[in-house]
Amino acid sequence: MPVWEQAISLRILISEDDTHDGRPLHEAILKAARKAGLAGGKVSRGVAGYGRSGHIHESWRGFSYDLPVVIEFIDSEEKIDAFLPTLQRLRQGALVIRERVEALLPDDAGANP
Amino acid sequence: MPVWEQAISLRILISEDDTHDGRPLHEAILKAARKAGLAGGKVSRGVAGYGRSGHIHESWRGFSYDLPVVIEFIDSEEKIDAFLPTLQRLRQGALVIRERVEALLPDDAGANP
Amino acid sequence: MPVWEQAISLRILISEDDTHDGRPLHEAILKAARKAGLAGGKVSRGVAGYGRSGHIHESWRGFSYDLPVVIEFIDSEEKIDAFLPTLQRLRQGALVIRERVEALLPDDAGANP
């Protein structure tokens, strides 16, 4: 049976319109996290939400702007903590969420690799 | 360094075909939560899932119907609790998930605001 | 007022290009979980991420390949545990994340069913 390890899920909630040096902010955060060696990097885009303005933004099947984007990483507490100062410089005041989780890490290959 | 605050992640799992007063249910929930001042409102749409019927519904790159939709809010326990009676009236028996998380709240502006 | 029950969120992070017997891996996992009677089955597709290769893959509004896909289930600890040997055979070494959550289960119908 697999061995569960303690890990941290770190999520950053930004807008798709947020930028850093003229490029999408999610891209800057993803690149910085890859450089820091964080695992499980994934960017997902919501279809509706409301930003700090309080206005509802929606893209169900058409026009959209300012939709929510969540970037998530899953790694050890040490690696997540080491990344926080970098994230603090990049996050532009965005909501950041941290949760303790249990993980079967990717290098723990299954029976059908 | 940032200060982590205790917060609650509240997620509601519905179908994109659920409605309330002739409009999509996710819209009614999002509007009610905005009115209640909940932060971090985000709606995401799955590309596949199975509803209460047990049938698998999928939209990978084409036709779709009855896909899962998740609405998430992140806020203090007090504000989430105050929203629950409203959600209870709107949820139509849907799965609701609640988790304790740590958050850097949006008003805690970073070094690069 | 609703009664919160202890539950487990189980998430599996794979790539959209992973296959099992010539079909998408997410499909095989979803079908196996439905057969095991797991609730809350939902597949979501990221718009960017980096796989085990460390290369960033992105599909904002155009071409894409090898994007991250997350499959999530929410059910009791017993049912999740019973599903793990099946998942272990299917996961191909992928990252699996487990979290304790509180849930209002779908059969607990709301006031407006």
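Labels A, B and C are assigned to the chains in the order they are written; within every chain, residues are numbered from 1.
Convention: a contact is a pair of C-beta atoms (placed from the backbone, for glycine too) under 8 Å apart; a residue touches a chain by one contact, two chains touch by 3 or more.
Model, not experiment: these values are computed from the prediction.
Rotation angle for the C-alpha superposition of subunit A on subunit C: 120 degrees, rounded in steps of 5.
Under half of the residue numbers found at the subunit B and subunit C interface occur in both copies, marking it as a different-residue contact. Separating the centre of subunit B from that of subunit C, both taken as means of CA atoms, is a distance of 17 Å. Touching two or more other chains at once are residues 44-45, 99 of subunit A. Within the complex, the subunit C residues that touch subunit B are 1-2, 4, 7, 9, 24, 26-27, 30-31, 34, 39-45, 69, 74, 99, 101-113. Remark: subunit B residues 13, 44-50, 52, 54, 56, 58, 60, 68, 70, 84-85, 88-99 touch subunit C in the complex.
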